[in-house]
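Below: a set of structures, written as structure tokens.
Two complexes are shown next, each including chain A; its partner changes from chain B in the first to chain C in the second.
Take a look at the complex of A and B:
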């Protein structure tokens, strides 16, 4: 019988993102990974854009004009959203890792996410 | 009159050299029966080839762990009322992260080997147990009393842990909790087992282990505490105080 189906393997990382059968801590785990992937992609894009400076001010200014594009603006908004969610969720993980609020990690998660949503709302209002 | 529900028990099936599928069993159940009762009824009255593990029926042996509607449960203490409703489907699947032997039975050998590697205790002195309302001071005589360890070795935490799904070498929640239970000061030889790539630092705080544990072992809290013990011991070694 093919017993590999139900066994652990590195290729099963997609299961991290399936919310079915997961609970609050699992959703927080998935959220942290999703935002981390997004921020890593952004880091490379950011370095690529900074690389434009090496081609002279003209090339960089040309890119800056792009930032008025609604799609790019949405992307920038998404970066701030990811930073807030990842950062605040990360503080929860640091706290629990040092034994602070381990038995209250659900409440910590909801608390930090409420703070994140408020900050996202404030940023959205200012941006648009 | 005793309440009766009609439910569909949707069961994962897989036999040797066959593809997996789900079988549906229509049955009448009482909502205050347990999920294991429904599985046993399917075996007794519908299909005698159903394979599943069970023994004590009162959450001591830890044999009947399964996924019920996607969530790890000890089926002998999971009320049908709590996981489905009249006219609905109740889905049972084997635990994740263990090879399927047949239907709902999985091979938990790798898990037991890890428990053995950390010297998990089946019984412990009552003076070392985490109990409700412990006395402020134990009498010398009390150390003669022993009790069963909280961990049933049911493997629910190993199934629910997302890191276990991708890293078979990871020690996992129950073995790490068993190491914490003994304490690194008492058993310093555990340090090299837990303070490594696939030890206590591999946990990524999903807390799924604690969420599904039927015996209040709280493996996540114990893992965090074990990290503190590891750091403490490493610092002591660094400054020559170990």
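Take a look at the complex of A and C:
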């Protein structure tokens, strides 16, 4: 096993948040992981909150009133943004995992991110 | 995976990640995108609230079509599996010790099984409300 890889380091995790000196591949790497962590937290929160459905219409519809809160709407927007960035970046990873576009990863990344930005813009306009 | 990813880097199982886990993560990704689009569209755009969200009555009505609980359960299993294998992969990037990794394996396995059982119970509970 290559001993230089995957050495334990908290600094390695913190470096995801530091944009200085990062190559495009590093941005794609950080974007994939940060959105993954955010979406995983959201997933379990979402599952927990959907439990209100089992409590009947009163509990659920009362919860729905909260969705008009600007902070909750911002959170919902952030989830969709994270899904688009993670999903489209993920398609690039899947393609290259099966040998498609391996030498064109930079172009694939920028292409998918442009699509993501367009979809984010569309969703933002629709939402607000 | 190095953070200074070169342009020729391709995703592959990490040390500590079996090929099967890696393959499941890679295959569930595109599947999730398809099911997520359906889930988002239905739950956020065609409900009777002005915002497009579904009320309780909308959700119960929607779940009376038997294909819907099936799709939601498929979505649940796929998303829980993908997220927990992915999160484990992120932790592997930090090269945890063997005991820590064993604890993480147990914790994620239990969390995954519990989440899927809870989610299936919730889906079936909602679907059963329609007959009342």
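Simple rule for what comes next: the second predicted complex is superposed on the first by the 114 of 128 C-alpha atoms of A that agree within 3 Å, B and C clash if a C-alpha of one lies under 4 Å from a C-alpha of the other, contacts with A are read in each partner's own complex, and residues count from 1 in each chain.
Going forward, a residue touches a chain if its C-beta (ideal position, glycine included) is under 8 Å from a C-beta of that chain, and two chains touch if they have at least 3 such contacts.
Being a predicted model, the structure only gives us computed values, none of them experimental.
Student: Does chain A have more residues touched by chain B or by chain C?
Tutor: Comparing chain B with chain C, the partner touching more chain A residues is C.
Student: May I ask you to decide whether A:15 touches chain B, chain C, both, or neither, giving the answer as first, second, both or neither?
Tutor: Both partners.
Student: Quick check for you: in the superposed arrangement, does A:44 touch first (chain B), second (chain C), both or neither?
Tutor: second
Student: Check the residue A:70 against both partner chains and state whether it touches chain B (first), chain C (second), both, or neither.
Tutor: The answer is neither, since A:70 touches no partner chain.
Student: Would you check which partner chain A:103 touches, where first means chain B only, second means chain C only, and both and neither mean what they say?
Tutor: both
Student: First (chain B), second (chain C), both or neither: which does A:25 touch?
Tutor: After superposition on chain A, A:25 lies in contact with both partners, chain B and chain C.
Student: Looking at A:57 after the superposition, I want to know if it touches chain B, chain C, both of them or none. Which is it: first, second, both, neither?
Tutor: Second partner only, chain C.
Student: If you stack the two complexes on chain A, which partner ends up touching A:91: first (chain B), second (chain C), both, or neither?
Tutor: second
Student: Following superposition on chain A, which residues of chain A contact chain B and also contact chain C?
Tutor: 1, 5-10, 12-13, 15-16, 22-26, 28-30, 93, 96-97, 99, 102-103, 105-106
Student: Flag every residue of chain B that touches chain A in the complex, lowest number first.
Tutor: Chain B reaches chain A through residues 14-18, 20, 67, 69-72, 94, 96-100, 106-107, 160, 162, 164-168, 204-208, 210-212, 218, 220-221, 224-225, 227-228.
Student: Mind pulling up the chain C residues that touch chain A in the complex?
Tutor: Within the complex, chain C contacts chain A at residues 1-12, 14-15, 26, 29-30, 32-33, 36, 40, 49, 51, 53, 55-57, 59, 79-80, 83-84, 86-87, 90, 92-96, 115, 118-119, 122, 125-126.
Student: Considering the complex alone, what residue numbers of chain A touch chain B?
Tutor: 1, 3-13, 15-16, 20-26, 28-30, 93, 96-99, 102-103, 105-106
Student: Please name which positions on chain A make contact with chain C in the complex.
Tutor: By the definition above, chain A touches chain C via 1, 5-10, 12-13, 15-16, 22-26, 28-30, 33, 36-37, 39-40, 43-44, 47, 50-51, 53-54, 56-57, 60-61, 64, 67-68, 80, 83, 87, 90-91, 93-94, 96-97, 99, 102-103, 105-106.
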